[in-house]
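Here subunit A shows up in two complexes: once beside subunit B, once beside subunit C.
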Partner chain A sequence: MAAGLQVVFGVQKIFNLACGSFYALGAYVGVSAVGWYVGAGGPPALFIVPLALAGLAVGAVGIVVERGLLRFVYDRDETFQLLMTFAIVLMMEDAIRLTWGTAPRSTAGLYLAYGQVQLLGATAPVYNLIVIAASLAIALAIGWLLARTAFGRIIRATADNREMAEALGVDMRRVYAEVFTLGTALGTLGGALVIPTTAAMSEMGIELIVEAFAVVVIGGLGSMRGAFGGALVVGVLRAIAISVYPELEMLLIYLIVIAVLAARPRGLFGGAAA
Partner chain B sequence: MTHDHSSRRQFLKLLGAGAGAAAASRLDAPAAGTQASGPVKIGVLTIRAGVAAPVGAAGLRATEWWAERVNNAGGILGRPIQLVVEEESNPKDTVERFRKLVLQDQVEVVLGGISTGVTLALGPVAEDLGTPWLSWDGTTQRGVEETMPNPKWAFKSVDNEVEAIVAGILTPKYFKGIKTVAGIGNDYSYGHDCWESYQAVLRRYVSDVKFVLELFPKLGVTDFTSHIAAIQQSKADLLMCSFWSGDATIIMKQAAAVGLFKTMKGVFTTAGGVHDSLKKEFTPEGLLLGYNTMYFDDPKGSALLKQFVREYKAKYNEYPPYECDHAFFNAESYKVAVEKAAGPAKKWPEKARVVKALEGLEIESLSGKRSWREDHVQMCNFYQGITTHKNAYDFVTIGPLEVVSTKQAMKPAGSKLFEWIAGWKV
Partner chain C sequence: MLSVAGVDVFIQSSQILRGVSLEVGAREVVCLVGRNGSGKTTTLRTVMGYLSPRAGAVEFRGRPIHGRRTHEIARLGLGWAPEDCGIFSDLTVAENIEIATWTRPRGRAAAERVAQAYEVFPALRRYAARRGPEMSGGERKMLSIARALALDPEMLLLDEPFEGLSPAIIPAVSAGIAAITGLGRAILIAESNIHHVPDYTTRLYVIERGEIIFGGRPDDAWRDPGVSRIIGGRSR
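Up next is the complex of A and B:
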């Protein structure tokens, strides 16, 4: 999700609060897809396939949101963008509630379908390892996409200098739609993959937004490596805080954000001042 | 019959009718409350969004079930019931909607209120407007101490910490030799109060018990991996958890993933609120699980409970949680109080007489007999027990079932909670 946020911010300079909603949407669609799959008699061991496919497919909602709403605020003040994306958050939350109801949804016991392994003296569910592997694969795939393909070059060029890219014949409308959809799909896929470990709740999107922004600020706005590094920093420090001094848990993330902003305003992995 | 909004036209008509009635009463001067014809309007406040939305839905469903049942049997004193539903959200907006129900919709009574954060504000408003208000799940306690010891119009739910006290009483019975305890609860009044009360009670039974860890993640968190790691590190004999929403399901699942309850005992004071999401695949046997004030699968349950569970399941494909019982009790006790206050003449009574009739009233609710204490606090039973997989469902149920009355587990009117617990003869 942080990766999706970065792609979108980097290229379109839009603060996309709705990323949290896409995450929630992916989670709910994932639960439904798995429910349908198991109901249709699919082998439980392969449940991750429909889960991931559903997560990716629902990313298509990104095109609708981008073409239908966001394109009208590209040249407006950031305030409009924030308001617009926050409006999307509220609408999506209600849409989810209307579609799936208010009770939390979960994939029951499928989380443990792959069993557990002993790692360094601790028990870890295999599914967690699969998700970690999948995240790494996604990170590498995005890295490859940005660094090695023509599409990636266009994206980076647009991020660097939109007018110049446009002057050179890049169709901005298309790039924006593609990039936003990619960012959305990263969010929905993230939501779908995480859902077996937890339960889908209609307000889960809002919960995540703040944390995702902290990750992005710590890592550096618009930097993919930053998203990855920021997520690691937040995750690890949070775990340490909970076991050493639990009262600090909530505060810690913001302390780090303040520290990073004071010492390296562009984030740990942010580029040099333009 | 549920009407979410009355239109402006209806409102104006009502105003006209109200003015007409007022004029008429000035001329003929009959006792107030004689215009007892047409539907009796009952206001309902319920949470529709956020973590507690499923709780609100359960309360509303039970109220609607009750209204349909009463209407089919001829209403209250011959008047059909019309529910006017409004949303419970933050205290300020909910107070406004409460006023709207009373002043604009002119309801006879307001039912509902779940979050004590909100009902603390509703209590004084009910007193101010002089309209009976019966709260499903919210109290007027600040922390564990009562703020409205002598209300006239406000009727409050059971004290929030009772489920933790019951769990504290049952813990030494089922988990002998417990020496170290870790606790996790939501980071707001309810989570902290439950933990404090549970500790105070357990200390009375196990004098050398040590509380080695306390964690308070905020309400709405969906990842407890780090919390569970810390709980494992604490090497406590037992984990006490007061989660009541989707987070109870989530922590159960994430604990199962690392085999937490293979080595640790578990007490879930309130997770029965989401009982049918506690699937057998990840919820072990042998935990102490609290269902609050109603257990849907009570082997000694009444025909009324069995009918309700059957019809609830058929309509919503879920098994009802305790909030249904709070809501049913409130609505049904109002009906019985009206009929009692009406007397043999069956004349629709004034609100003040209904309130008097409610005090001390005992009626048959879904979970069995429930009553209103003289100081307007609900009296009822709490249902807790040890989780088992031996049932026909895909989720856990409890057996043996323990039924503990508020007469034993709730502080008496006017007393201070911790002084009262300290005075127990154990």
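Up next is the complex of A and C:
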């Protein structure tokens, strides 16, 4: 999720609030896909397959949003971009309510199909470990894509200097569409993978945006290492806060964000060009 | 090769170019000379498709290219080295050079195109693993031109290739540009300092306030009273 945000922001310099909606969309589609899969008699142990496929497939929404709406605000003020993506958030939220209703949706106890393990004295569902491993794998894959492939280098060059990249034959519109779709797919996949451990709610998009922006601000805009570090900081702090003094959970994150902004406005891992 | 005919260009509501016309033939080295703000960069940026002319036409290899998008123009075979070099600071020297071989595949092998870029500016080879911010001004200019050459273009547009360089490094850049013409590529150079116009220039245009006021052989430019008034007399 934060990974998708980072890639999109880094290349297109667009604050994409809509990523939270993509996350929620991925979650709902994931729930539906798993419901259909179980209803069709698929073995519960393999439910992660339709889940991930549904998450990735619905990432194609990114193409529609990018071509249909976002490309009109690329050269506009950041305020327009924020308004546009916020409008997308509201529209998607209503679209989700229309389609799936207002009641939370969940895959019930399906995530326990993989059993539980004892870890450091606590009981953890294996599925949670799978999600963590998958997130790591995705982060590594994105890092590899950006650093080692021709496509990744073209993305970085476009992020650095759009005009120059065009003069070297880079079709900027295509790169934007591809990057936005990739970012969307990361968001929807993230939503789909996480959903078995929680429940899909129409407000989850907005909730997540706040958290993702905290992650991104702490880590530094436009940096993948930052997204990872920021996510770790936020995750660990939330866990500590919940176990020590639950009321402080969200407050603590905002305090950290404020502290980071005051001390290192570019974020802990932000580069000079962030 | 390149023909600009009667081009008017506006930026917002002010007219920057007035009926600009110029020609660059195959294997030619053409210099567009003018003071700062006279319209040199605007002319080159119009050819590259960053700006569209309100009137007039730009033709490259017999095809009209005004109104086409920049990456299409680049893929037709126009290499661009801007005044600020446009180095991708996040990429190494080698990655900067290789980009054009991915976006414009040609009959020639990518490795051969990259090797040719290094041959023109051998100094770059030593810095292949470095990144943009670790380079001097001269190295950045060389990289910018070498990267444009790796596109395997029929023609290169160089905006102020000698600007801001120390006198010690100018001969190396000039020799590199000469080597590119030796490879049969046409070159259009924008230059504000008449003393930087290379000896191997085949044709010279002088631009002043968005209008071409002279076009011809470099030797004739010196004898033109209007030209010497604007760009200064001969001092060599």
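Definition applied: the second predicted complex is superposed on the first by the 270 of 274 C-alpha atoms of A that agree within 3 Å, B and C clash if a C-alpha of one lies under 4 Å from a C-alpha of the other, contacts with A are read in each partner's own complex, and residues count from 1 in each chain.
Basically, contacts are C-beta pairs under 8 Å (C-beta built on N, C-alpha and C of every residue); 3 or more make two chains touch, one makes a residue touch a chain.
Worth saying up front: this structure is predicted, and the values here are computed from it rather than measured.
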| item | value |
| --- | --- |
| Superposition on subunit A - do subunit B and subunit C clash or fit | fit |
| Subunit B or subunit C, by number of subunit A residues touched | B |
| Partner chain(s) touched by A:P125 [first = subunit B, second = subunit C, both, neither] | first |
| Partner chain(s) touched by A:D171 [first = subunit B, second = subunit C, both, neither] | second |
| Which superposed partner A:R71 touches (first subunit B, second subunit C, both, neither) | neither |
| Partner chain(s) touched by A:E163 [first = subunit B, second = subunit C, both, neither] | second |
| A:A150 touches, of subunit B and subunit C: first, second, both or neither? | second |
| Per-pair minimum CA distance [subunit C against subunit B, superposed on A] in Å | 37 |
| Complex contact set, residues of subunit A against subunit B | 93, 97, 101-104, 106, 108-109, 111-112, 116, 122-125, 127-128, 197-199, 201-204, 207, 238-239, 242-243, 246, 249-250 |
| Of all residues in subunit A, those that touch subunit C in their complex | 150, 153-154, 156-157, 159-161, 163-172, 273 |
| Contact footprint of subunit A on subunit C as seen in their complex | 48, 50, 69-71, 74-75, 80, 82, 86, 88-91, 95-96, 98-100, 102-104, 147-148, 151 |
| Subunit A contact footprint on subunit B (complex, rising order) | 48-51, 53-54, 56-57, 187, 213-218, 220-223, 225-227, 229-230, 232-233, 245-246, 249-250, 253-254, 256-259, 274, 277, 279-282, 318, 394 |
